[in-house]
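Structures incoming, each one as structure tokens.
Two complexes come next, and they have one chain in common, chain A, joined by chain B in the first and chain C in the second.
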Partner chain A sequence: MVNIEINGIKLEARDGAMVIEVADEAGIVIPRFCYHKKLSIAANCRMCLVEVEKVAKPLPACATPVTEGMKVFTHSPKALGAQRAVLEFLLINHPLDCPICDQGGECDLQEMAIGFGGDVSRYAEGKRVVTDPDLGALIATDMGRCIHCTRCVRFGQEVAGMWELGGTGRGEHTRIGTYVADTVDSELSANVVDLCPVGALTSKPYRYSGRPWELVGRPGISPHDCVGANLRADIRGKQIMRVLPQEREEINETWLADRDRFAYLGGRSAERITAPMVKRETGWQATDWDSALTFAAEGLKRVLDVHGPSQLGAWVGDTATVEEAYLTQKLMRALGSGNVDHRLRQVDFRDQEQLPAFPYLGMAIADLERLDGALLIGSNIRKEQPLLGQRLRKAALRGGQIAFINPRAYPFNFPVSQQIVAAHNWVTEVAAVARAALALAGEEIPEGLPEAEVGEAHEAIAAALRSGEQRAVLLGNLAAYHPAQTELRAMAALIARSCGAHFGVLAEGGNSAGAWLAGAVPHRGMAAQPTAVMGRDWRSMAHEGVKGLLLLSTEPESDCIEPLRATQALKQADFVVAINAFASDAARDYADVILPPALYLEAAGTLVNCEGRWQSFEGTTPPPGEARPAWKLLRVLGNLLNAIGFEQLSITDVRDELAPALAVGADNQIPWRVPAPPSFEGGIMRLVDYPIYSVDGLVRRSAPLQQTRDAIAGAVYVAGATLTQVDLGGADRVRVMQGEGEALLPVIVDEAIPVGCVYIPAGTTATAALGGGFGVVEMTHA
Partner chain B sequence: MNSMFRFLKSLFLLELFGGMRVTGRHFWRKKITLHYPEERAPVSPRFRALHAQRRYANGEERCIACKLCEVVCPAMAITIESAQREDGSRRTTRYEIDLTKCIFCGFCEESCPVDSIVETHVYEYHGESRDELLMTKEKLLAVGDKYEAQIAAARAQDAKYR
Partner chain C sequence: MKQARGNIDLITPESCAEIDRWISNYPADQKQSAVMAALRILQDQNGGWLSHELMDAIAAYLDMPPIAVYEVATFYSMYRLEPCGRHKINVCTNISCLLCGSEEVVAHLQERLGIKLGETTADGKFTLSEVECLGACVGAPMMQVNRDYHERLTPETIDAILDSLQ
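Right, the complex of A and B next:
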């Protein structure tokens, strides 16, 4: 500890702290542009000059470490004079176009100019003119306003891990831009909009549409991945104008992924309906709630009377809130059916009985950046959970050994110690690491562990998992989509156990943990309690058929890993109630009634993230038109079907019922079981994932996100050698057959895809006609 | 004594003659009444009446949708929505002044960085319904087009005091 004095106030400071940090903690204002607590120190704007006793010249507070007995003056005539001079220089080339600048009203430069600037301009010479680079669909540029603080450059280098923006030229000729004309494609890119202290980088979708003083900020939680990032929705009237991050050090720090930030624009899609719709003989009709809900209840009742409760089922989207998932399963179980499932992207449910109460990360999110060793099995963490990827990147840059065993190689933005690409033999590759880990620990090889040849890479991974303080084995989303999920999970847990590492799961949906705890699984009730009736998982419902289906916030034609099977089951059902804000063509085809719920940010709810953290939020704006919170719709459906326990008057009543689930502790014990992995013999293997901007209905409809490079098109990505192997060399379109489905898809040659495999993304319209996820496909000429 | 004095005052109609004296004095003076509408009082260049939106000489609307007038208006009479026009400039898609709310303070004019929203000297307008007193962007621009000469002259006259 060091004793210093700022403006005569005695303060204690940490050794090595910078003057500006100490002043910030004490609430003493020092103007600044380039300093940001999450970025490295550049000290290039010179706005933070302060006077230090016994030093002849003013010093930059952001780059001056404290020393014992230091006396700092931030408001002395000398300091103020220096600040005024710096500001005058910064404003020389500034276009002074505040009235048309989106930053106006929340601009650091405006504030500094008022607080520390002169009051008249003495500059009458010509100003610099700069061209504005096109950075893509998310970020608008007005580079004339740039003050070269390099926050955006440092963010790209240090946090996003993509050196996309940089400075060229010197002095007055410095330009910030992409070195070669290119867009900015990082999944965290729009954070530079918040970082830029002036209006040089602003949000393109928000461009010119609002002013900060007319917006009301209301807190919310992002439902698009299992992080549960805290955000702030800025509302004008009843419209969401933009979404900004809310600082929450233990979850999202000060960042927000582009997906969390721009997903709300999906709510403006033309497919959004704001009044309930009923399918009659004459076609679809918009109607009022009374008749729509009665129609829905009567339809479900008919199924119940004719076919019995076992023919009734519910599919819950994994972004639905805990309350909604809970009421859905309660309704199904009150009607005598256990058929309720939210795991629509999974195919393998063999080990469901032995699983913990919810998919748990095994540690706090903030601990990810302190890992010394990690093995991720089946994860493209950077695109699946961008903010967790960013934490893991910090661990890797600190020297952590991060290894992956993935079906295909993904580009990561941090040093990866090992990336084993195992398309056909994923299970054996993981088994090899398990064997290496057991050998190092000197433990018995458990019964049934698949034979595998232990190579150097496997040994290195196992060794890295045994050294250092904090280690973890994490099971990613790709493992969840895979038919050998059970084996992968059991072996991952085994590796973690033998190495003394944490075992964790990166859940695939925004509220997977909440849906598990709410009981939206066929074999367990709320809070993982046993249920009276054992239900069927979604896949058996889809394959064996159900007569009545309730869909909650999901579009099976894109969300389900077997889209074709799912839509066929829906079409064959007698009655389908869709609680969904969007009336897509597919939904109009299979549903009998569509009840529009409020979207996220429009209604209250709770999401549970991968740490098991419950985060409740209120609606930020009323839903448009007749749309109503989904929990209310479910409650009225319950009443109309005479189900018991649907008397909740407010969402807090629903939350009160969930108290036992809240009390469930996190636990990640996965017992060993003898694996029986499925085999993929012959043919070409399809590799699958849900691209970052195809994960849910809202994201899929967000126009700006769909214009980015990460919006992966439904196509066949394949290595040239594979194409020649099946005599399709040079084809630009092929017919792909998988299961009962087939689709005509464009071919994109991508040498990163292992030979003998094709990568076909899920969650896109083009691939909705295919029969499954990971599996064997056939390809012929178009 | 007092009642005696009052009696004499009313007997000789003293108060009536006092009044007649005032009447008589003004009867011969120069008249200040105006025969409105044939005659009109002069107005100051700073006179504040019906609003207008101005254009530049090339026909381009001045307003850049900065929303300063909207936020400064103490009566909350102004409603603006803005967006990017195809040519990339910042423009209003909706600009309305509710004259039933406006208190003619002139703050909107003061705040405008491009002299777009102004108050003209037109005080003879009426509306038979609220709708007619809701000035839309089109109406405001039309007022501006019609009275541009007068608006510009008034600004020029006042310029040296600004």
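Right, the complex of A and C next:
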């Protein structure tokens, strides 16, 4: 530690800290544009010039390390003079267009100009004219306002891991942009909007729609992945105008993924309904709550009376809040049915009895960046949990050995020590690493571990998992979708155990952990307690049929991994209640009543993230029209069905009931079991994932997100050699058959897909008619 | 994906060999240090200028993001990013040359070649450019023709230099 003085205040500072860091911690304001605590130091704007005793010239506070006895003056005449002069230079080429600039009112430059600027410009010459590049659907540009702080450039390079924006040319001819016309495609791209200290990069969807002084910022939590990013919704009147990150160092730092930021726009979809709707013989009718809820309750009652409770079930979306999931399972169980499930993207439930209380990361999110070694099994972490990918990237750049075993090679934006592509023989590849790990540990091979040839790559992965301080084996989303999830999980845990590494799960839904703890699984109640009635998982319900179904915040035609089977089960059911904000054509087809709930940000709730952190939030704005918080709808349904325990008056009452779940931890101990993996014989193997902007109904309806390059179209992605193999070379459309379903899909030749496989994404309308996820497909001419 | 759009087949085997020699001067994990040499080599290979495709090829060859190559190529005036004549004439108009008469040099060159600064003659022989200080103030006014410096210029010496070029 060193002792310094800033403006006469004695401060203790860390060795090597920059003056600006020490000042920030002490709450002493130093103006700046290019400095940002999460980015490298560029020291190119010169706005933070300060006076240092015994130094002739003013020094940039962001690039001046503290030294013992240093005396800094941030407001002395010399410092102020330097800051004023810098500002005058920065304003030379800056347009005086604040009244039509979206940054107006929250602009660092505008504020500095008020604080340090002169009231009359001495600059009478012509200003620089710059063209504005089109960077895509999310970022609007006005590059004439750019002051070349290069925060956006450094963000791409250092944080997003995709160096897309750069500073080309030099001196007065410097331009920030992509140089060759191109969009900015990083999944974290819109953070540059927050970073830009002027109005050069602004939010395209929010453009010209509001002024910061009209907005009220209210906190919220993002439900689109298991991170639980903290955000701030800016509200004007009753409308959400935009979403910004809320700084939370241990979760999302200062960032937000584009998905978290722009998903709210899905709420403006034309399919959104704001009044309950009932299907009568004459067609769909908007109605009032009383008749709709009575209609729903009567329908469910009829099923109960005629077919008994075993024919009643509930499917819960994995973005639903803990309270909603809890009340849904409570209702089902009060009616005598254990048929409740939220794992709609999974097909393999063989090991559900042995699982921990909830899918747990096995560590804190912030610990990811301190990993020295990691093996991710079935994960495209960068697109699935962008902010966790960003953490892992930091670990990799620090020298961490990050390895993947994936069904196909994904492009990562950090150094990957090994990526084993295991399209057909995933279980064997993981078994090979397990064998290598056990050999290194000198442990016995447990009964039933599949035979596998151990190669150099497997040994290298096992060795990396044994060296260094912090290591982890993480099970990703692709493993969750796979029919051999049980085997993959058991072997992942075995590898972790024998290497002394953490075992963790990257849950596939935004509130998977919360849904488990709330009891939205057929075999466990709230807080992982045993249940009186063992229910059926969603897949058994879909395959064996149920007569009455309650859907909570899910669209099975897109969310379920077996969309065709799911919609058929819904159509065959006698009565379907959909609590969903959107009335899609599919929902109008299978549902009998649609009850519009408040969307996230419109109602209070709680989400549990992958580290087991409970985050409660209030609604930021009232829901539109007649839409009501889903927990209230469930509560009234409970009353109408004479269920016991539905007297809650506020969401706090629901939370009080959940208190036992709060205390439940996950030990992540997965006992060994003898695997019996399914085999895939013959035919072409379908590889599947949910593309980043197809994960839930809100994201799928966010127009700007759907215009990005990451919005992956429903198509067959296949290597040329595979097409030739099945005599379809050169075809631009093919008929794909999987299970009982088939679809006509465009072909996109992609040599990154392993030969003998096709990649067909889930979660899209085009692929909704297919019979499953991972599995064998047949292809013929269109 | 963005990282990989360049086509390294645009680099001739001779250029590859030359770039590889430069790469070998640097630590194995820092081959991007050869970017300036690579840009020069490909500029020569391409008749004096660099296309986007060639810069992308360098990016792919040196395993760096294309934008990083563009940043370097646009920063230095020695790299030309548009087609140019067989002979590149760079006239210094910075302070020392200005004081010693670079304005007359520019005027004479423009009149003699019939083009303005930044233009190329119709026969594709000469491209005339204005550059900042080339570090030859002692011989001001000066110009650089291709890789040669010519100092203490007068209309007569300029004519002689131009006449000597094919």
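Here, the second predicted complex is superposed on the first by the 782 of 782 C-alpha atoms of A that agree within 3 Å, B and C clash if a C-alpha of one lies under 4 Å from a C-alpha of the other, contacts with A are read in each partner's own complex, and residues count from 1 in each chain.
Here is the rule we use: a contact is a pair of C-beta atoms (placed from the backbone, for glycine too) under 8 Å apart; a residue touches a chain by one contact, two chains touch by 3 or more.
Keep in mind it's a predicted model, so treat the numbers as computed, not measured.
Trainee: If you stack the two complexes on chain A, which partner ends up touching A:G104: first (chain B), second (chain C), both, or neither?
Mentor: first
Trainee: Should A:F89 be classified as contacting the first partner (chain B), the second (chain C), both, or neither?
Mentor: A:F89: touches no partner chain.
Trainee: Who does A:D185 touch here: chain B (first), chain C (second), both, or neither?
Mentor: The second partner, chain C, only.
Trainee: Figure out whether A:G167 sits in contact with chain B (first) or chain C (second), or with both, or with neither.
Mentor: Second partner only, chain C.
Trainee: Does the superposition put A:Y123 against chain B (first), chain C (second), both, or neither?
Mentor: A:Y123 contacts neither chain B nor chain C.
Trainee: Identify the partner contact of A:P411: answer first if only chain B is touched, second if only chain C is, both if each is, neither if none is.
Mentor: second
Trainee: Comparing chain B against chain C, which has contacts with more of the residues in chain A?
Mentor: Looking at chain A, the partner in contact with more of its residues is C.
Trainee: Which positions of chain C touch chain A when the two form their complex?
Mentor: Checking each residue of chain C against chain A gives 1-3, 52, 65-68, 70-71, 74-75.
Trainee: Inside the complex, what are the residues of chain A that reach chain B?
Mentor: 98-100, 104, 207-211, 213-214
Trainee: Taking the complex as given, what residues does chain B use to touch chain A?
Mentor: Per the stated touch rule, the residues are 64-68, 70-71, 81-84, 89-91, 113-114.
Trainee: How about chain A: which of its residues touch chain C in the complex?
Mentor: Per the touch definition, chain A meets chain C at residues 162-170, 178-180, 182, 185, 411.
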